[in-house]
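Given below, in the form of structure tokens, are the structures.
Across the two complexes that follow, subunit A remains constant while its partner is subunit B and subsequently subunit C.
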Partner chain A sequence: MYQGVTMADFSVDVVVVGGGATGVGVARDAAMRGLDVVLLERADLAQGTTGRYHGLLHSGGRYVVSDPESARECAQENAIVTRIHADAVEQTGGLFVVTPEDSEDYADGFLAAAHAATVPAEEISVSQALAREPRLNPGIKRAFAVFDGTVDGWQMVWGAAESAREHGATILSYHRLTRIHRENGRVVGVSCHDVKNDRELSIDCRFVINAAGAWAGQVAAMAGCHDVQVVPGRGIMIAMNHRLVNTVVNRCIRPADGDILVPVHTVSIIGTTDVKAPDPDRLAIPRAEVQQMLDAGEALVPGFREARAVHAWSGARPLVKDTRVAAGDTRHMSRGMAVIDHRERDGLAGLFSISGGKLTTYRLMAQRIVDEMCAQMGEQRACTTADEAVPAAVGSPTYRVTHRLAEREQAWQRDQIVCECELMSRSAFVDLLAAEPLATLDDLRRRLRIGMGPCQGGFCSTRAAGLLCSQGQTDAPTATIELREFLKHRWIGLWPILAGAQVRQNALDEWIARGTLDIDHAPGQADPPERFPIGAPRHDGQPAGSEQKAEVA
Partner chain B sequence: MTETRRLDASTRQPTQAWSGNGSDMSVWEHLRKASPRLNHNPNSYEAQQLNRVSLDQCVKCTICETQCPVARVTELFSGPKYVGPQAERFRNGESVDHTLDYCSSCGICTLACPQGVRVAEINSMARAVMKQGHMPLRDRLITQTTLEGKLMTPIAPVANWALRRKPIRVAVEKVVGVHRDAPMPVAQRQTVQGWLKHRSGPTPRRSDQPARGPVIFFTGCAGAYFEVETSKKTIEVLEYLGFDVIVPKQGCCGLAEQSNGLFDGARAKIRALCEQLSAAGREPTIVSSSGSCAGMVKHEAHEIMGVEDPQVLDVGARLRETSEFLLDLYDHGQLPTDFRRIDSRFVYHAPCQLKAQGMGMPAIRLMELVPGVQVVESDENCCGIAGTYGLKKEKYEIAQAVGRPLFEKIKATNKEFAVCDTETCRWQIREGSGAKTVHPIHLIHAAYGLSEIDSPQV
Partner chain C sequence: MRDVVVVGAGLTGLVASIRLRRAGLEVTLVHQGIGGLQLGQGTIDVLGYRPERVARPLDELADFLAAQERQGGPSHPYAVTGPEAITEGVGFLSQLVGPQLLVGDVHTNVALPTAIGALRPTSLYQPSMADGLVSLDPAEPGALHAGCRVVVVGIDELKDFPAQLIAGNLAATDLPDGGRLSTRAAQVSFPARGSEVDSTGLNIARALDDPARRSEFARVLSAVVEPGETVALPAVLGIEDARAFPELRAQLGTALFEIPLPPPGVPGMRINEKLTRIARAERVEIISGSALTGITAEADRVSEVIVATSGHDTHIPARAVLLAPGGFESGALRLDSYQQLSEPILDLPVARPSGELINDSWAREQPLFRAGLATDTDMVVLDPRTGGPVHRNLHAAGGILAGAQRWDEKSGEGIALASAMRACEAIVARCEEKDHD
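This part shows the complex of A and B:
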């Protein structure tokens, strides 16, 4: 049909580019409206920004003053996401607290602003707040209760992807878009590379929805639409070894760096910073920012600096450039999503670029873009994404941190625990491996939390690599390469925070790997190149992400 | 099991999104409903800080698991690393895991941890949450040690007879849950206070000893009612050395309640006890031959239950276990060592609760001052009883299995005689090995010529 390709592998209504929350949300929404959908993700689902944030399911409280419209949307979507993704959401509740370092000016206007934005909020006494969260700074001056929750971005995206599949969508992870084909001012199809099977696919389509987030500019350029400026705002986050708080704790100030402490699963995450980053595939985790976060945590929870950090990472906010503010100061750009209809901008019909927004409002963003697409198709198709829970959430209670412990309690004697820190069982690992035979250890980690606890893979990764062999998925040399790559990726998030108790852990981990297991002389290539590199090659020929302090996994 | 169901019901509530609009409930009420907290957390803020924060030191090395005497003998217990630092990260102040109750609270894990994780203390706190509102009648009964002593002493012969009758013990097991074969104390006709009241006067001071002023003697419940002989001998040795021994009226330290997760009762008891001991004098050293009760005052009250009461801390700082006290005298050149020769080679078992006090094993050096004595250290972590653990019908077999290597060692070394510092451990060792098992003070008492070594063991 084009470029010598005679027959397309797929012919669909819509190709969605990007497997983060936005893209998967669009795929689910479109599939639920009866459209044929293929989603392409260059790596694993939710491997980009969606998987690299602090896990806050906003009540809207954070935006009541700076962006009331966002706040209102957050409040509404919070309730919907809690319902349709119950398995991924924990209803922790949230507090806004005025620390001894903060003036009460912002707090004075907080309730009125919340009321105006229809965000439920209520002032409680300091003693009530301290009774609920005993580790909070006892010097806090005021406290407000809100409906913040936490959400596992990976779990949520996989839930939405399963739902999309149930409605007929095809979800292709590790499929890198290579071209967007246009004919007579219309998008007609795309080509992509199936990374794990090393083959090319072509897909005919009527529409392409570019939901590549911080990478949306690069995708738009493939269709010849240049200068879509997405300014990646890099933010670092640090996971602390256990839940220092069990309620989301926000500092009751105008949104700033390091003002949120979020209990997600077994850890609590402090975030975040906001620094303009030139390349979303090379995000540094500067030590100065690590210290900045630990200092910020100290204001909320005394002793925070000495508490054990287990991992740090960087994420890239996709903020579409807005001429109202300087590009160097991305935080105060509008948080609303930006939708670019390239028919108007570039004279190319059938291509939308969508960017910005928040994970909490991913469903609403999807609804709006699919509404727009249906309007251009001239078809009346109603959105039903808010009405139907994703398969994993049907009949499920909301997540609680005690769930895994309660499950293990029933089965620890008959089902080996592979990852002790995160209480991941052998059967959970083996079952997912059977369902996803091409999954890397990192892919499995994002689904199962293997290697995400205090030992950071020091103990479980070798067990997991052993299972890759004993389950017949791979041979010993490949499993060893897999193990090395997994540990290397873990260490990217360890170098910047190595201090205190975590140093002893990682020293022990290294002795086990190098001393006991002699991993340096185990079969398989000793320092293998990234098997699934991401981003443009560096100047020295190494792929992006192979630099030590950039997060790739 | 009731506990599991109760918690499952609370954690498996159907999903209800927040609803701020059109609801009468306040935001705070909603929040408390969706993400509840314990109404009354049995753990104090201080203990949580001290213990939960220590889990940050865990490097998953598994050394605690290799040392755990319970995990070694049963598959019902998932081990100290699992129930301690590992599970704690999933607890959120709630309790969903009841296998942690197979922990005997011996504290060997904390002692063995090279990183300073308070493994046993973390688990004790979790047990207190687990048992809140779900306490078997048995656990409430067997923790009332003073009451047991008071009830049994007046009817000692009948009580002892009854405790040896199998049909009665079977009935007790069925009704209360105390195992039919579990070791039991022997009730005495006279309490320590009764003996003090009726004896003709203090033991005469040795002619070469100076008047050393007062010490306060802390008997412990078992020392007051059951192991009366140990208390008497301690008092007599102290008097012989020139001390003026004050034995104030005193209650229970609350250890049994603490180890069963009944923190409120235990806190009240330890405060009352320290009040009584303080009332007897603000300055004197407090001596105790009850190693485990001394451990409760010195260690667990603060480290597990977070008791910050200055009086409790003061009493703890003044408290010395008898062997520790006497060896300290020796180290200052003040202990007469013209002991009678006692030719004996025997096993000495240092109880877990003594080890947890971090004072080493003073009894070994003390006893080896006696000519002819050869002390064989047990090298076993635990005898199995762990206070009330080994009495419980579902744990009796485990406790016996834990103690077996110790029993075997005693039988192989000297099947007639063994030494151990705490009461319940001695009951367990007597039952398991058949050896006469006494507190080290019995040996010292005999070596000073105040009695024969074959005098009554309790």
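This part shows the complex of A and C:
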């Protein structure tokens, strides 16, 4: 039982649970309004749904017919996110195309709907579209240009987290919430486990914002608020090893499976499916859905199947199914976003559960929920998140895929390349390791993209393990275990799509790792268990945290 | 009309071409890439794990093959070639390249440190690796044994040789004699060209072909080596000049050994160079940079091989064909996006293990890599559905053969050499038969 007299490690206004786009957005927003904030994330920032999507920054075009209000919000937030996260956003532009398999009915109403929703769009000729994207299906019947972009979810979330820190927030990744404490019908604090240092922390607070997405039901239950039903909607995505297109290409149909191809960094990503999943910690990448995505790719870019799939992953959209959601209250909330005020639902003040929404509108969702919280606090604090760029974006142009090449041209006589596929330099790796001494190779990957290119770590992972040793982060057997864990995690997203040239690559990678280096017989466990397992143990006794780690290439 | 067209210039294709030429046949060697020797570690593996570590590969072969047989699936190549072909092939290669390039004993495995500090079993190794030899027989300690002091020296400009990782793992490994090594890591700077900071092993090896640069390197090394230490270095000690290693060792005045790196692997390239020179000297006709695109068959025989040479197809009439193009790593076997297996150039039937080809476990073996071509004991390609030959004069050897997990077993070179011997024997016999007709 919580003891109010115990000295807490922190005493703050708000604890935010969940380090995805929504949670970090809330932490940043609240901190910028002068509130004391701690954010708890059980794993790495943006390791959940935010890191497992296709990277689209919506223009709003996708929703002009089905949900004009949502479309309008997207169009507005697209401009804001592009401004405040310039380093994470690439202004690729987007196309909506009618493929030979699609009827033109939807397209007939597209421009008028876009106009009504104030989403900029224009129809261009098929030959203009083909000139812009030469690999597009030459049989397309119509094409509309919109302002879709792409955004690196990790970069965006780390940027927002850095901004929140500058405004005084404490961002604690690898801190798992263990309890929510209540007294007299109010939330008064939380306890959490510091996973990497294996210790407990307690935090006093006035409010808890549950931004755990697909896991929000589990978090609410810790406060004694049961039956918050969040059904994970699993979607798979596949990264192809080139930018088959340089523009986001959408099928101009009602939103459906396999209707979008997104160029992100050095790859292009085809997405996605939507299947209800029982457990967001165990998301499969079924072969049938892989085949479905490859066929969808063929419709947009003929010969798609001959291109090289390098990685696949599965993400969990949170779908809140709760009859007691204050669903009518859409004036205050963003579209697609579900908010539960547990004061109304469960008689527990100081707890909000927030779920759903879109990455594009993460800032707006955060603004709305912090507005609501401030109203309950009885305080007038204005939102400033749209006015100030995050630190990494200050003075930065928007992202271009050639950025690293430009940096490399400056540094080639000073710095080694550790990961050739992603042009990641030795100094980038060593500097981040010095700043984040507890980071795993996967944590570093999410920040630096090491091992995410065509060779999937075949050459660079051993170098990275070597740097863990030479920089004094860990001893050799532990670095070897880290190396195996990294390759094991790469394999989760490789084996379901392994075909064509990627098989050839994998054979070479195997030859190097197992053949030449004999990794299976180096010190340390040959098949190491997860060091930081996530979710409930599996029925077969294996620790959890393997399936769910499939994430962006 | 050529007697034989050999396709592929890896260990299999080069050794087979020379072998066939020495039997008096007219041989054309066609290859597209630069052969698989530079992909590997540059030693000769026969059988390293079954899955326990193997000390006496030929003595343990029968037990290994019995276990493979129980597992089912396509026959292991060694079950097809038999053990004599291994001895013959390794012996032939040893004679070809001589003790300047390969030493050791086909009957006895030794363990050599890898570039992450594992102890890797192999049969024959390069003399430049001998000071790093760990004996698998506790009764006969090798150059490295309990209590030996090893300094692993990394080169700042070479990123594929993590000295601390290697030294740390070597020190954490129990040797077969029960003891451990005493290791430390050191670092030197030695840019291959000018002041470059990112050098490949190959470029450093080329630099060390130059005697002046060798002396410079020896001076740099001597500053970090303490008396009585064995020096472990990346395998970059010269590529063309066979004097590079012995001179460096003499100048340094201490035990010194090379550890192979990920590709491009200099030790493998040394063997490749040597074999290619022999093949040219013995007038094997070599058509480089040219892909096999097809064959013409008459009745049950291949009559000619079609090769894409510059600007046109070249038709090469031949009495026999030996396919030695490597496996999945060379693109000679293919799995398409519908998960269909094929041999993509001639569409030969592929033998495959039953069940799922790829599974979700990184640590377990992937059955896919057991897929390949099935052959009879003459290495004639068989249709696994009928058991009969596809063409009576179409042979296959090396990495394209079904039934092995070469990287896990550490068996790649042994399979290459044994199957090359069997194929050569059959091709020579057939050509002699024809001559008597």
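Just so we're on the same page, the second predicted complex is superposed on the first by the 526 of 553 C-alpha atoms of A that agree within 3 Å, B and C clash if a C-alpha of one lies under 4 Å from a C-alpha of the other, contacts with A are read in each partner's own complex, and residues count from 1 in each chain.
We take it that contacts are C-beta pairs under 8 Å (C-beta built on N, C-alpha and C of every residue); 3 or more make two chains touch, one makes a residue touch a chain.
As the structure is a computational prediction, the values presented were derived from the model and not from experiment.
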item: Partner chain in contact with A:Gln413 - subunit B first, subunit C second, else both or neither; value: both
item: Partner chain(s) touched by A:Arg514 [first = subunit B, second = subunit C, both, neither]; value: second
item: Touching partner for A:Ala499 - first (subunit B), second (subunit C), both, neither; value: second
item: Subunit B versus subunit C as contact partner of A:His193, first or second or both or neither; value: neither
item: Partner chain in contact with A:Thr480 - subunit B first, subunit C second, else both or neither; value: second
item: Touching partner for A:Gly93 - first (subunit B), second (subunit C), both, neither; value: first
item: Touched partner set for A:Phe459, first subunit B, second subunit C, both or neither; value: both
item: First (subunit B), second (subunit C), both or neither touched by A:Asn78; value: first
item: Which superposed partner A:Lys141 touches (first subunit B, second subunit C, both, neither); value: neither
item: Footprint overlap on subunit A, comparing subunit B with subunit C; value: 412-413, 459, 500-501, 504, 508
item: Residues on subunit A engaged by subunit B in the complex (per definition of touch); value: 59, 75, 78-80, 82-83, 86, 90-93, 118-122, 124, 128, 131-132, 134-135, 145-147, 241-243, 246-247, 266, 303, 307-308, 393, 396-398, 400-406, 408-409, 412-413, 420-421, 423, 453-455, 458-459, 500-501, 504-505, 508
item: Subunit A - residues contacting subunit C, complex; value: 287, 291, 294, 305-306, 309, 412-418, 426, 459, 462-463, 465-467, 469-470, 475-477, 479-480, 483-484, 487-488, 490-492, 495, 498-501, 503-504, 506-508, 510-512, 514-523, 526-527
item: Residue ranges of subunit C in contact with subunit A within the complex; value: 39-41, 49, 53, 114-120, 154, 157, 159-160, 162-169, 171-173, 185, 195-198, 260-263, 265, 327-331, 334-339, 358-363, 366, 368-369, 406-408, 410, 412
item: Touch list for subunit B against partner subunit A, complex; value: 4, 7-8, 11-15, 17-21, 26-28, 30-31, 34-35, 37, 45, 48-49, 52-53, 55-61, 75, 78, 81-82, 86-94, 96-99, 115
